[in-house]
Amino acid sequence: MLNIGLLGAGRIAIVHARAISAHSGSRLVSVADVMPKAAQELAQAYGAKAQTSDEILSDPSIDAVLIATSTDTHSGFIEAATKAGKAVLCEKPVDLSLDRARACQKAVQAHGKPVMIGFNRRFDPNFAAMKAAIDAGEIGKTEMLTVTSFDPAPPPVSYVKVSGGIFRDMMIHDFDMAQFIMGGLPKTIMATGSCLVDPEIGAAGDFDTATVTMTYEDGRIAVINNSRRAVYGYDQRVEVLGADGLLQAGNMLENTVVKSTTQGVVSAKPMHFFLERYMPAYEAEWSAFVEALSLGEEMPATLADGIASLAMAEAANLSVAQSRPLNLAEVLES
Amino acid sequence: MLNIGLLGAGRIAIVHARAISAHSGSRLVSVADVMPKAAQELAQAYGAKAQTSDEILSDPSIDAVLIATSTDTHSGFIEAATKAGKAVLCEKPVDLSLDRARACQKAVQAHGKPVMIGFNRRFDPNFAAMKAAIDAGEIGKTEMLTVTSFDPAPPPVSYVKVSGGIFRDMMIHDFDMAQFIMGGLPKTIMATGSCLVDPEIGAAGDFDTATVTMTYEDGRIAVINNSRRAVYGYDQRVEVLGADGLLQAGNMLENTVVKSTTQGVVSAKPMHFFLERYMPAYEAEWSAFVEALSLGEEMPATLADGIASLAMAEAANLSVAQSRPLNLAEVLES
Amino acid sequence: MLNIGLLGAGRIAIVHARAISAHSGSRLVSVADVMPKAAQELAQAYGAKAQTSDEILSDPSIDAVLIATSTDTHSGFIEAATKAGKAVLCEKPVDLSLDRARACQKAVQAHGKPVMIGFNRRFDPNFAAMKAAIDAGEIGKTEMLTVTSFDPAPPPVSYVKVSGGIFRDMMIHDFDMAQFIMGGLPKTIMATGSCLVDPEIGAAGDFDTATVTMTYEDGRIAVINNSRRAVYGYDQRVEVLGADGLLQAGNMLENTVVKSTTQGVVSAKPMHFFLERYMPAYEAEWSAFVEALSLGEEMPATLADGIASLAMAEAANLSVAQSRPLNLAEVLES
Amino acid sequence: MLNIGLLGAGRIAIVHARAISAHSGSRLVSVADVMPKAAQELAQAYGAKAQTSDEILSDPSIDAVLIATSTDTHSGFIEAATKAGKAVLCEKPVDLSLDRARACQKAVQAHGKPVMIGFNRRFDPNFAAMKAAIDAGEIGKTEMLTVTSFDPAPPPVSYVKVSGGIFRDMMIHDFDMAQFIMGGLPKTIMATGSCLVDPEIGAAGDFDTATVTMTYEDGRIAVINNSRRAVYGYDQRVEVLGADGLLQAGNMLENTVVKSTTQGVVSAKPMHFFLERYMPAYEAEWSAFVEALSLGEEMPATLADGIASLAMAEAANLSVAQSRPLNLAEVLES
């Protein structure tokens, strides 16, 4: 039984608290948040204590911490927690700054404790089944990946301003999906972005619609399409063409009911909210963390993976700015 | 090249005229109809002559006739045409009277010319693929058949009055489908019917909604559901459970476009009109007739098949009237 | 916060224990089972006590009991629990004997405590959405219901022998679905059954394949198809035709991945195991119980509903035995 | 009734001959081909004459010619036919050379006869329905287009060598689709290509896998993915995101049968052969030509459209060669 401390008590932390409690191999013992009341409520719901983050990190009975705080605190907490001898599962991204993320990685290597980055989509049953089919050779060598990732509605501009931009905030999941599905990193990245949904997002210097094309050393191609608005729901699809076939992971719908009337044949919409859509993924992610920790195996989504996705996002930003394909090496070796 | 005479120039005859003309092995040479103007127009469109039915039957250059006239003339024309030495493809049903149909069968046997009954659905690419999969053993021994067959809208009551009723007019196609898919005839037939769509249909002594359950000697079960109204289109589905799996033949949609909006995920409706839905089936039916005739093989839908479906319809009528399961033998051996 | 006692610690009790614990308005406080070790393990996993059923029923701090024991103990526990002042959620069926179930109902009325029968499928998100669409008038007046309900594999014959037969054990869920979707009870029931899957089931006097057709006073029709074997998974579909359209609730698949190869376009199979398929339904069922209890509202699946489904099963048994349609009144008024 | 001369008697000419003959407003009167035997056979099958192309062009009774000859003869025949006073439907592309195509356009303008280019996909019922939905405002303003266009298998290298390359030979259809769906021309074109399927295609200087990203003046984005090999069939999908929803035009399958076994749920494959897949499109294309000609309306796919698609292909070639986004203006104004 692993004793878990939870840093953060917000929306995503609540999801993690449930997953930790539901797992037969872990127990939520403590919750910390900058808003003590939030920490107290969440702790109470699962029979845990509300403490400060310092108390959690210095508590020797706590085996691991789950970091679900604001992005700007991620790298600091990762360093502090590993220094304190805790295993870590940290929400993405590691940091908005690639340099800062690398410094964090260096510190973690010194502390020698396992760190997993919360790329939850790797644990989604659909994408995981797709990955398993590829690994089993069911479509032969992969050739072309297409990731469609549309949010139901854009976030408030106040969020956009601190988010790091669409590539680091939103497409970073898809960059990780490309790593996960294609294996390895792309050689070149060509990005384009537009502001079609909300002019205020453009005024804040960001895009709300973007496409990235990546090529691999061996000629394979990956395309990622992002939009901040799909009025019909959270649209999350991955498609990969291989020498021997095609794999498509489709959306999860609200229910299976189909209604046929004079208006047409109507199915339910894709699940609208990311927490609902990815609930099974969050549970599977936690299981994978507990299992890797228990067995002493490598984490299924490493700090290096997180840094690679961040580097792809940075390359995408440069590509748009310079209107040319970037070699990922230009960013990685900077 | 077979020379074909066409009896009838109505809606369904037009479909057949096109199929005959499009086939590289047949040529439409003559058309007859009780309305000479209709015959002339159809003949002209395909470079054929307009003649009387007598002229067609007595023309030695005509190899085969396609009978697409009104139901009450079917058995008479079948007899006359086979007597005149023509091969015959006749629209279903053979006759509304089982006795009359049997007399026709006897006459045809005496004349020794091949007769095919136009159970077009056997030649529908979807149902034919289902049948092929069953014959290939892909789902093992069949166990339970469910046929869903809903018309988009009820016919006028004037038609209902001369149609012979829902079992002989509409479900007869599904009785033939049961023969086609399950092989052989059922042992018992239990029918129920209601008037839910148009009270005038009930006033005319007919049903507009009906279900038949049939059991086979070996315990297999078949269910047929009919309704005269499916506002979303012509709903034609067949599903069969076997020891090793399930086969489902679904509807053909107007197009493949799917629209996702705040209202849901909307597909196109099933094709609305039976001629549109079964156009490929009519073409394949004609090809099958030409091929069987050319090769001297048995027709893929025989007069005996037509009589068996008629007997099932009669048993269904009796079952409803007597509110009990009928043994098909009670009708067949009457 | 409701304090809950759980009678039973088997497969289905484990599912309920999780749902009770996960619900913010209920707490599992005690578990009883004929096998004390099973009760202890389950209690421990959720921080509850292991007690005897007598101890649970006589504990005044317990507000409600969930009965998940063997069928033959259901009616007795319902009576004892309501007598002891507890609200009850009891797994289906109430009893295998209609008379015994009626006696139980009488006793419960005397005790005046609320009882809900665990027809979990009413709470399945898909069937619930279908019901909501009907109630909202989206397809107009219902006309024809088709329930397809196939188990992945037959139970052991030892189970079949004590199960009460396919109509009382398996189709009872579908009888309740008919009540739920169509509203009210059918007037006539015509059943047919076969043994196609496992001859030992036939030797035990039961069927493994069965079809029931029911007609309603107003002419509506319902068809239920059951098979004990669908090798591709747990096949649970409901389809209802109305004056203004069709509703279909399809299967839930293991994942959304579609693989296209030279072999065809392959989707995942339906979820195989009923606990996996209906997990969301069990959680929603528990929420509905807690809500009805808290608000003092009528239970969404009553003891009367359970008795009605049992009566339909009994009518089906008689219909097969006598090879005729039964009036449900013949059973209900016996 | 329009009298039609057909230049060419190959695979695609045969399709057109059928469409011309089936149409009530046109008649095939003459066929020419560099292989006189092919012309004779095709002519005979439809009651037409076999002549030389010169004879056809100088025959005053012929109203229009359909050009289905090899690509290098297209522009010459367009010029000669319009000079001879014929209306023209010519297969794509106009020419492999943009300059030559422009010269052809100038000549045609001088002759003043209508010319339609055979972008058959515009007339596909699925893509046409998608276009109609966009024009009806059903998804609001379009924002992002994704075209997936995979051939079932690569052509022989001998063909690749004279084809003009993947952008001019294969993706030209998709460039036209972008014009059709998005309206207007893109501002920038960024292309990438690989050789993943057949090394001989690479040795011939061409790609077999390619992606193009295009941006429009107003910020909209279009992505086209091409592969010369999709082992599961001819994969032809178009998807467009708009402010108010998403439209997806999916593949047409060989049939609607779905088979569920222990191996999964298997649907039929996409139609494999482009002539089968686009047969309805070829028929609708011909109808559109006849209608526009009869009504004196503008052709629904003009020579200018053909030249624009060719310019996009040329821009794609330059983009790959120079590894940078091209402004379409660089090509159009050259």
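Letters are used for the chains, namely A, B, C and D, taken in the order the chains are written, and counting of residues starts over at 1 for each.
Note that a residue touches a chain if its C-beta (ideal position, glycine included) is under 8 Å from a C-beta of that chain, and two chains touch if they have at least 3 such contacts.
Quick caveat: nothing in here was measured; it's all calculated off a predicted structure.
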### Message
Which chains sit in contact with both members of the pair chain B and chain C?
### Response
A, D
### Query
What is the chain whose Cα centre is as far as it gets from that of chain A?
B
### Interface with more contacting C-beta pairs, comparing A-C to C-D
A-C
## Note on the structure
Chain centres from averaged Cα atoms put chain C and chain D apart, in whole Å, by 57
### Task
Can you check how far apart chain A and chain C are, centre to centre, with Cα atoms defining each centre and the answer in Å?
39
### Task
Check each residue of chain A and list the ones that touch at least two other chains.
230-232, 235, 244-246, 259-262, 268
### Query
What part of chain D is in contact with chain B in the complex they form?
18, 22, 24, 45, 47, 125-126, 129-130, 133, 138-139, 244-252, 254-262, 268
### Residue numbers on chain B that touch chain C, as the complex places them
141, 143-144, 146, 148, 150, 188, 190, 192, 194-197, 209-211, 213, 215, 219-221, 223, 225, 227, 229-232, 235, 241, 243-246, 323-325
### Query
So in the complex, which bits of chain A are touching chain B?
230-233, 235, 253, 259-270
